[in-house]
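Everything below concerns the one structure shown next.
Chain lettering (A, B, C and D) follows the sequence in which the chains are written, and residue indices restart at 1 in each chain.
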Amino acid sequence: MKSAVIVFPGSNCDRDAAVAITRVTGHAPRMIWHRDADLPDLDLIVVPGGFSYGDYLRSGAMAAHSPIMAAVKAKADKGVRVLGICNGFQVLTEAGLLPGALMRNQSLSFICRDVLLRVETSNSDFTSGYNAGQVVRIPVAHHDGCFFADEATLDRLEDEDRVAFRYCDAQGNPADAANPNGSRRNIAGILNPGRNVLGMMPHPERLADPLLGGTDGAPMFRALAAALS
Amino acid sequence: MSEPAITPEIVAEHGLSPDEYDRVLSIMGRAPNITELGIFSVMWSEHCSYKSSKKWLKTLPTKAPWVICGPGENAGVVDIGDGQAAIFKMESHNHPSFIEPYQGAATGVGGILRDVFTMGARPVANLNALRFGAPDHPKTRHLVAGVVAGIGGYGNCVGVPTVGGEVEFHPSYNGNILVNAMTIGIADTDKIFYSEASGVGNPVVYVGSKTGRDGIHGATMASAEFSEDSEEKRPTVQVGDPFTEKLLIEACLELMATDAIVAIQDMGAAGLTSSSFEMASKGGLGVEIDLDRVPVRETGMTPYEIMLSESQERMLMVLEPGKEDVAKAVFDKWELDFSIIGRLTDTGRMVLTMGGKTVADLPIDPLAQAAPEYDRPWTPGKKLPEIAAAEVPERPWGEALLTLVGGPQGSSRRWVWEQYDHMVMGDTVGRPGGDAALVRIHGTKKGLAATSDVTPRYVVADAHQGGRQAVAEAWRNLTAVGATPLAITDNMNFGNPERPAIMGQFVEAIKGMGEACIALDFPVVSGNVSLYNETNGEAILPTPTIGAIGLMPDVEQSVGIGFAAPGQALLLIGPEGSWLGQSWYLAQVANRAEGAPPPVDLAAERRNGDFVRGLIRVGKVSACHDLSDGGLLVAVAEMAMASGIGADVSAQGPHLHAALFGEDQGRYVLAADEAEAAGILAAAAAAGVPARRLGTTGGDALSVNGKDAVKVADLTAAHQGWFPAFMG
Amino acid sequence: MKAKVHVTLKPGVLDPQGKAVHHALESLGFAGIGGVRQGKYIELDVAETDPAKAKVQVEEMCKKLLANTVIENFAIDLEG
Amino acid sequence: MKAKVHVTLKPGVLDPQGKAVHHALESLGFAGIGGVRQGKYIELDVAETDPAKAKVQVEEMCKKLLANTVIENFAIDLEG
């Protein structure tokens, strides 16, 4: 699997993503500085977490308009897998690769903790390592993770099986109390129509090492490597 | 542009006494101009010169075979093997945080990060020790919310995990909160950078953000007693830009990987003045700076303003000749300002020019050497009586326990640390909520344990014992996760040192700390002093915060506080509980903040701790927690809540409340497989360590001597509930 | 010219910040507050001196960056 | 009445947001931008119908909550 992690000024989970991918798949991704306008031949592009450009104005807004994102968009159009984690998800929505917007958490506070997610679909290269309906534990760490889209968009996401993860309780119910940020319909991650772009607020790369407290994030990278090798 | 004349009022406004001003005149051989006066003022402020504290700080032990660099540089450096060093320091941002909690706390984090990466270390962990006024004081909630958001806002954005700290409430902090921030970084031992300038003619380079009129006089503000009219001084608050700091970290580390840098120093308190002054002074050189070349973000800035500005996210470097282009390319890549503002000279003077004219010209060494140093009068604290357990009324233990774990002091700080990204960088093995946080050293199996501790109510009751206890507790917290304690940084927060009783607290606390450092092989490698923490004559509790780190050779061997399983043997290491003076129980259950605090037997502390660490390292222990605030039962309850598993414990002694809630020092609770218990007790007997079987884990409740069970779920609800309810 | 840009949430988009401010004002004892919405206010100096052209330019800026038109509206005032 | 409140950073206070927006606009190719400052814009409905009284009330709100007067200024417009 040929993968790359995009590094923006202010990215801070770029190394974490590279470490997790290397650890789980044995393939080390290339680190690509945002000013490199050309992307090499790739199977997977990761847009990592962090605070690109300080997350000033709106999270992800300035990174979304940087030249490298045009190249990422072009790759995505050709079917290259693109994974946006946390700030990466915000960048992908701002860049128009995914619908909706990520707004300030309902609590208005930054929140860092493990949450439970129900895997909504195993029909993608990102989620085929899980079973639909499975409950996994993955951390969130964000200030702006409240997923918003209008009702029509939300309906379409559901009709097209493009909701990848929902915040849920231990029984797998997408309960209000299990929603850490006020996301519409408890949505934690979504796919594009081609199912080759996934954006999610939780950080699978943070729980892919037993010493860090769990490995529920690992199946995502394993499945990607299997599909893309 | 006409400059103000130097009147006695202006001298006084600059915090210089008439005596000190006479010294200025004799050093200069003439009256200083306003810029020169400003430079004297900040260089001789308490904050920069440590004039009240230096005499006593010098008495602290600072050496050990593993200490690479002790106090005197931007941060302390200790060897952690394999060619790596840990670099760390703690610093206060008390006054700014009271005036503007978000920005004050945020810029405190920014400042301490710079102290650490200035030396070549990548920051890997932040801690924060916070002290607020009474929960019901009208300002407290606002301050808690702002400070926590500010620490998170800065640390989260720069991408350094905030892994530990402390939060306490006490009315003495009503008008003067404490915000002590600590950063730990990792560097290669052959790539450590110092601030001593060398090489006459070498370029002096300014990098980072532009200079504005921020925080002019911040350093003098931090050295003057607080009064209600300091609201007037508001514009001195600085705004932090964590995004720029993140770029500055990356750019500095990238440049440090080359051989372009001779010396480097962050611009902290007193900005360009103290950074340029200290670099030149350490190297015994002079410096020439052209102020027209300093990047500014406002028009019409005077030399005085440029020299005294405390704009954040700036650094000063001396480069190897000919490396200017290499360095500039790195800072261009990270889109940061870069400007060659001057050069080193052999004159021993600081010469500033602007618009082609000399605007200041002062001798460096005489100024540094003549910095005032005081032996302030001090009086020892009064010894308080020991409180006999028999005279403290006894309440049902279950009720007392719920009060303690569900109250302002004992409740979980989850509300706080969940606002901090404590996992970024992917190496947080021990998250907040345990004794010490544990951060793996990237790419290795080693880890650094980190904690911050002090018990101010003990220090105010007996500063000498309190000083010993603060160091001992930090040592114990590191030990409890299995780490070998290495060294400490201290943040001495006290009231007005011109009052002999306050100075006495300072002196006695230092003596106690020093004794503990020696007994525990735990040297002081960096620190910070914050005096004049008073409002309208009311001093804070003396608060010598101890930040400490320890080394874990293999993070897989570490243990947490949660019970691993039901059916485990519980053991008490150390003496039985007996001491209720200054305890949580006495204060919160009996409503009496009285008596002498528990004494610290340093030999026993060391023996018991070494024994516990040894057991953890050989895998005989499945959970461990040190005993501190609230004593035995609070510790066991915390272990139960961390795992959701109950326990039954046996308590002995004439007074059940003293046995359960006494705060005797040097103690731990261990959980171990049943099969290990007898062996551990035998080993303890052989090592002369007091130890006994305490009980067994299991069930969903806590009971004492098989009676009066309290459900773990009820404890947890109280423990987790207080903080969110308080903050609304 | 100076351009003053207001970026506000579209009607129907939840505004947790506005809601929190509303709530906080009430708990401070302010009565009779019907609703609170919070937006952004951005001031820019642009070199363009022709108002029509400046307007087009700032509109471009809003669409490209200053506002997220999925959730936000913007309004532009030009001065001087 | 409707109150429109602008909260802006005091002159001289660092505005990291404005600085970053300025920079981003430039890298998007917008030329001739002199400076960018970002503030907050808050709309409130107040029950008070007397403009003078409403003004006093909203001023109170600004001082107590809406603006951080250590680093920010505020301006109030009342309508209808």
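Some notes on this structure:
Here is the rule we go by: a residue touches a chain if its C-beta (ideal position, glycine included) is under 8 Å from a C-beta of that chain, and two chains touch if they have at least 3 such contacts.
Quantities reported herein were computed from a predicted structural model and do not represent experimental measurements.
When the interfaces A-D and A-B are ranked by C-beta pairs in contact, the top one is A-B. Centres computed as Cα averages put chain B at a distance of 41 Å from chain C. Distance from the chain A centre to the chain B centre is 36 Å, each centre being the mean of its Cα atoms. In terms of their C-alpha centroids, the spacing between chain C and chain D amounts to 10 Å. Residue numbers of chain A whose C-beta contacts span two or more other chains: 53-54, 56-57, 61-62, 65.
The set of chain C residues that touch two or more partner chains comprises 40, 64-66.
The set of chain B residues touching two or more other chains comprises 241, 243-244, 335.
If you sketch which chains touch which, the pattern fits none of the simple shapes: not an open path, not a single ring, not a star, and not all-to-all. Contacts from chain B toward chain A in the complex involve residues 149, 152-153, 156-159, 241-244, 246-247, 334-335, 417-429, 431, 440, 555-556.
Residues 6-8, 18, 21, 24-25, 28, 30-48, 57, 60-61, 64-66 of chain D are the ones that touch chain C when the two sit in their complex. Within the complex, the chain A residues that touch chain B are 9-10, 12-13, 15-16, 19-20, 49-51, 53-56, 109-113, 139, 141, 143, 203, 205-206, 209, 211-213.
On the chain A side of its complex with chain D, the touching residues are 53-54, 56-57, 61-62, 65-66. Those residues of chain A lying in contact with chain C across their complex are 57-58, 61-62, 65, 93-94, 99-101, 103-106, 108, 146, 148-150, 182.
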